[in-house]
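Everything below concerns the one structure shown next.
Each chain carries a letter (A, B, C and D) given by its place in the written order, and its residues are counted from 1.
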Amino acid sequence: MNFLARHRIVLPIVSLAVLLAATFWMQPRAMSYFGVNLLFNLAVPIALATIAQMLIIMVNDIDLSTGAFVSLAACVTATLLNDAPLFGALVLAGLVLAYAVLGAVIHALALPAIVVTLGMSFVWGGLALVLLPSPGGASPGWIRTLMTVKPPLVPMAVVAAILIAAVTHLLVIRSGIGTMLRGVGGNARAVARSGGSVMRLKALAYGLAGLFNVLAGMALVGLTTSADANIALRYTLLSIAGVILGGGEFTGGKVSPTGAVIGALTLTLAASFLSFLRLSPDWQIGAQGAILILVLTARLLFTRRSGPA
Amino acid sequence: MTTSAADKAAPLVALTDARMQFGAVRALDGVSLEIRAGECLGLVGHNGAGKSTLVNVVNAGLTPTGGSVSFPASGAPSARGAGVRSVFQELSLCPNLTVAENLKIAHEGLKGLRWRGAARAEIRESLDRVFPGHGIDADAEVDTLSIAQRQMVEIAIGFAPRGQAAQLVILDEPTSSLDGGIAQQLLTHVRRFCEAGGAVIFISHMLGEIFEVASRVIVMKDGKVVADRPAGEFTRKGLVDAMGHVAPEGTGAAAAERRIGVEVVRTPEGLTAREGEIVGLSGLAGHGQAEALARLYLDTASAWRRPGAARMVFVAGDRGRDGVLPLWSILRNVSVSILPEIARRGLLDRTREAAVAKDWKRRIGIRTDDVANPILSLSGGNQQKVLFARALASAAPVVVMDDPMRGVDVGTKQDVYAMIRAEAAKGRTFLWYSTETEEVRQCDRVFVFRDGAISAELTGADITEERILEASFEMQDAG
Amino acid sequence: MSALIARPWIWSWLAAALAFALTVSLTGGRGAGELAYAALSFGAFAAIVGMGQMLVITLGPGNVDLSIPATMTLAGTLALKAMGSDPGTAAMGLAIALAVGLGVGLANFALIYLLRLPPIIATLAASLIYQSLAIWSNRGLRIKPPEGLADFSTGRTLAVPNVAWVGLAIAVVVWVVLERSTWGRWLMATGQNMRAARLAGVPVQRVRFATYLAVAVLAGLTGYLLASFSGGAALNMGQEYLLMSIAVVVIGGSSIAGGYSNVPGVWGAALFMFLVVSMLNSYGAPAGLRLVLTGTIIIGIVIAASTRRVRT
Amino acid sequence: EAHMTDTSDARIALSNNYAGNSWRQAMLQSWEDVTGPAVEEGIVAAADAYTTSENQATEQAAQIQNMILQGYDAIVVNAASPTALNGAVKEACDAGIVVVSFDGIVTEPCAWRIAVDFHEMGRQEVEYLASRLPEGGNLLEIRGLAGVFVDDEISAGIHAGIEEFPQFEIAGSVHGDWAQDVAQKAVAGILPSLPEIVGVVTQGGDGYGAAEAIRAAGRDMPIIVLGNRQDEMLWWQQQRDESGYETISLSIAPGVSTLAFWVAQQILAGEEVPKDLTVPFLTVTQDTLDETLANTPEGSVANVEYSLEDAQAVIAEAQGEM
């Protein structure tokens, strides 16, 4: 085992650092408290959604409803939670519970998660439309304050990213229950044979994912000040890409929370970097694809050379 | 049943008339059985006799369709409560977790902030006790370990205290991927464990091991217990007779004279093989034999070229990872390597395919009523036979075998040996990696591996356990 | 009958039939022919891309082609631009669309194989580039198809839409390949366990390559047909086929874990996806409710199909 | 004009959330056609266009934040959501940047808005139908993308029109997502269950798809209100020549992006510009069909581009109303 294979986290960090250096070089103005916050504040909800996706990928499933669900959570936050905080909080708790139930049902009936979540994406999207047929609502003041707070020295976005990474690292990698959850991804049968309830563990993983998705929706509303039913649809693919960029794998319970957060930051930064390049409008969309390929290629070239033992 | 006067204490586990039915298959057909503290029960039987099913019924992995399982000594309602541990035939570790974390999966009691340290200490201690000098890092991720090391970890987890000392440890073919030395360590530990008052159910197709550890031997046949006696009352031949192996038809006249032809294989590390030759790869497990074979095979069979007539076929030993196509029937699993041969203009001749599969079911004795059954309905050893059939059914002149006899029963082994000899007589070449000296003795020439390189080449009468061990250990002696 | 119920594809057909009956019952049977005709026309597009997606999904976990919409757009755009509404250019347009498909498939697989990118990310990223290419090549201008081609794609033969005939023909070919050919076996073996398949002598990379080419070529063909059918290519014309192509595969009863695919189910699901929206529209369901019901029904079908499978 | 500040150093950015249809492409083209010469003449230093890869407010918010970092003096924005960009827009305003929104406007008070009265557009569709079909009848409504502001506004206008002219009834309503193929599919699906339809009210970009679906179903062609796409108008012209088909076509001109550009330039120059400006939508009638069609490139959208003088006139008019 060489260094890179053992420390999968190194490559995501290096790619983020390189991209950040390039960005600062192109746009020195970004190298400031204010600039860093602007670069990264919208990455906070993406990071939360990426963590949620990672929790699902960790148990060998994949969630195609992330975007629709975060949109719904945002709609609830901007309407119910703002107008009637207690009721709104209850609804959000209900959404988390619904996710947990979904996890249990997927396991109990041995359903393919990708299909169920695909179906649920319609359901969540529909509910969001019922709640907010037209864009609107308003962010509860405290969330807005929280998302625009200006801590000394380090901007909010960076503090939040570090906090999310630290908490989820403790939860998923260090804690006993996190180990059980990763075990489900590695070999669910082994977990069941040693007496663990895979159903309960899957419900927990999904419930936690629901929780992080709800947090993502709330954070998003805090930044945008309002919501609409389509507001976070792109989070589905972004979150999957973030998990992979961060060194996670689709199967086998191999994930890295720190990597996932870094992956989310990298994706956000990549888009900004392209803005600063000032490409012709025809190629702006394509360039986003190109940079995604580039960042991943760097990662895979290294892992390929080091290879599994 | 066989309650001798010595057994005073209540049994740890008692099965009464346990039955297990899978569709039409009676995997357990009224088994009654008791096991007491201090006993080491050897459990033998042909592939598909129902041994693994028995294990799964005892540890509540399966609910029997009839009869009952109880734990009189502890009075506990479940196997877990009664301190019953199982080490399964297929590996049951989480490959993405470290060795210590895998212990945590099996040990609910590990809680709190410091669980990691406790887990590390416990698994280290258990590994040291069972396999002294094992060299396994408690913080290594399991998927970086060799298959033998994984098996060792799993056994160590089985014997670890985990909050409540193990009363009965069930080992389902624990030595199938271990080399002789390590297997010996395990046997020693099992004897010690039983002397100290623990009980073990030891399942193996290696009769030598059974005689070495078992105090009592149970023979199963077609879901029934056909013999249950103290080990001392069995002879090797008696045991084989009790298992009642029925030789598949048409393998009798295999002792034909063989002619060794021109060299057909030569690898950079110096491995060579000639037409009609059976070449063995030996040495301690995990010293590069499997890799050498995989490399040889992967270099020959392109992942791109359409295999016209395959030059080489592969028999996997690690069934789950390298061999079985789990969604498919037995039939499709057998035919996958010969598709180009039974196709006309890319379309399959399904009558021919069925005929080939049926023929091989008969020739190699796959225990199933219909080759259209899913492959996963077969017992481990029978799945392995399917992989053999897959390779032998093709016309490829070179057969590469990566420890292919894992979990294959004694009788079948003899048949397969004969089959291999017969095929070699027709001019096929075999490259055969094995951890069993008995299997290595079937070879014409043996390469002993050490640290990924060939350390000795033995032929004919030189192929002995001593010479192989000598070549395997030279380095350690020098160093 | 019980053997029929055990088939996972039957559920998508039952659901489609039910949606059809419910819609038609609204008008007391009037318009049934019209509805069936429309379902066949529009179902054909979803079925063709769905079959491509099915082949890729059969390759095993993580395999999926997210570049289908962009490929459709690019193929449609380039083909229609090249034909420029001139009569007699249909064959050339088709060739261009198929060539675009081939090129896209090659590029996708190059990313997956040479750069070792996970297919989901590779095809997603590449699709952004294809979209840029489509924009750059004619800035989203809608150019009409040549008249003969437009007539063919919107026309009918023996009361069945021509595009549905195309879809049926492709389904038959895909079915034969999957169920009766060496190549289909190889594909399914690769999808179950690539390593085991490779060691059993399956040329796994060749299979993967051919599969990624096939899905892209089918997407290119669909783009060509759809653009001709709807009077010109538009930059957003493939958009809804991203989720649609995946949905028809899984509703159709193929195993999302790979190694097992189901051709009749794809057609059933394609018809269903059209009919369920028509049904809900006909009943006047607002957009929100329509989505909720669509999602619920999809999950219902999957539960029905999979619990039956477990029992038998 | 002595009080005017020189804008030759000013840099203006266009923030666009979507480029995936002909309307947006025409919008970007107009921007290039008008701002290119303006930059060359030194009226402004730069006028860069940016498009996000997905049609999403969050991505556009990030884009606007990047523009703040890039130090633009003004941002012209066609917004994905009227409210979800408010956070980013506020940050831009706080950084001293002029923000002008058009077409997809934002509600943040610090920004300027060049709005189209979508509500009125919807109402006028029904009004036109009432003038043609005094006895009324069943209508089919084709809506846009659910959950988007413009869709809601036009639809509300159409429903207001129905209240005004109660002889009409909406017999069915589908979402066509402003795309021909989606509209065609949705209409084909609902038609079989509908009674006779006398008119189709649309939101632009979907009329041709509706016509195709209705033709395929073999029904009589109702009056379809079109949305200024060249292919729709061509179809209209053919129908007119064959059978005297009459209808109307209305939509917002993509060139409104150039109006927004000039407004931003005027604000930077120190002009007092009211926060809310209105532009008329572009209506094509039977009389102006041939002329409009002749001026519209194949496959594009009927368009009007604005000059500095046009912009000044619009501003002056609004100032007059203040």
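Keep this in mind: contacts are C-beta pairs under 8 Å (C-beta built on N, C-alpha and C of every residue); 3 or more make two chains touch, one makes a residue touch a chain.
Note that the structure is a prediction, hence the values are computed from the model and not measured.
With contact taken as defined at the outset, chain B and chain D are each touched by A, C. Set side by side, the interfaces B-C and C-D show unequal numbers of C-beta pairs in contact, with more at C-D. Between the Cα centres of chain A and chain B there is a gap of 43 Å. Between chain C and chain D the centroid-to-centroid distance comes to 32 Å (mean Cα coordinates, whole Å). The mean-CA centres of chain A and chain D are about 34 angstrom from one another, to the nearest whole unit.
Each of residues 19, 53, 146-147 in chain D touches at least two other chains. Multi-chain contact residues of chain B (touching two or more other chains): none found. Contact of a single residue of chain A with at least two other chains is seen at positions 128-129, 133, 229, 284-285, 288-289. Chain pairs that touch, as defined above: A-B, A-C, A-D, B-C, C-D. Residues of chain A that touch chain B in their complex: 1, 174, 176, 179-180, 182-183, 185-187, 189-191, 193-196, 252-254, 308-309. For chain D in complex with chain C, the residues that touch the partner chain are 19-22, 24-25, 29, 53, 143, 146-147, 172-175, 177, 179-182, 184-186, 188-194, 208-209, 212-213, 216-218, 229-231, 234, 297-300. Within the complex formed with chain A, the chain C residues making contact are 61-62, 66, 111, 115-118, 120-122, 124-133, 135-136, 139, 243, 246-247, 250-251, 255-257, 286-296, 298-299, 302-303, 306-307, 310. Within the complex formed with chain A, the residues of chain D that make contact are 16, 19, 28, 48-51, 53-54, 56-59, 61-63, 65-71, 81-88, 90-91, 145-149, 151-152. On the chain A side of its complex with chain C, the touching residues are 64, 109-112, 114-116, 118-131, 133, 229, 237, 240-241, 244, 250-251, 282-290, 292-293, 296-297, 300-301, 303-304.
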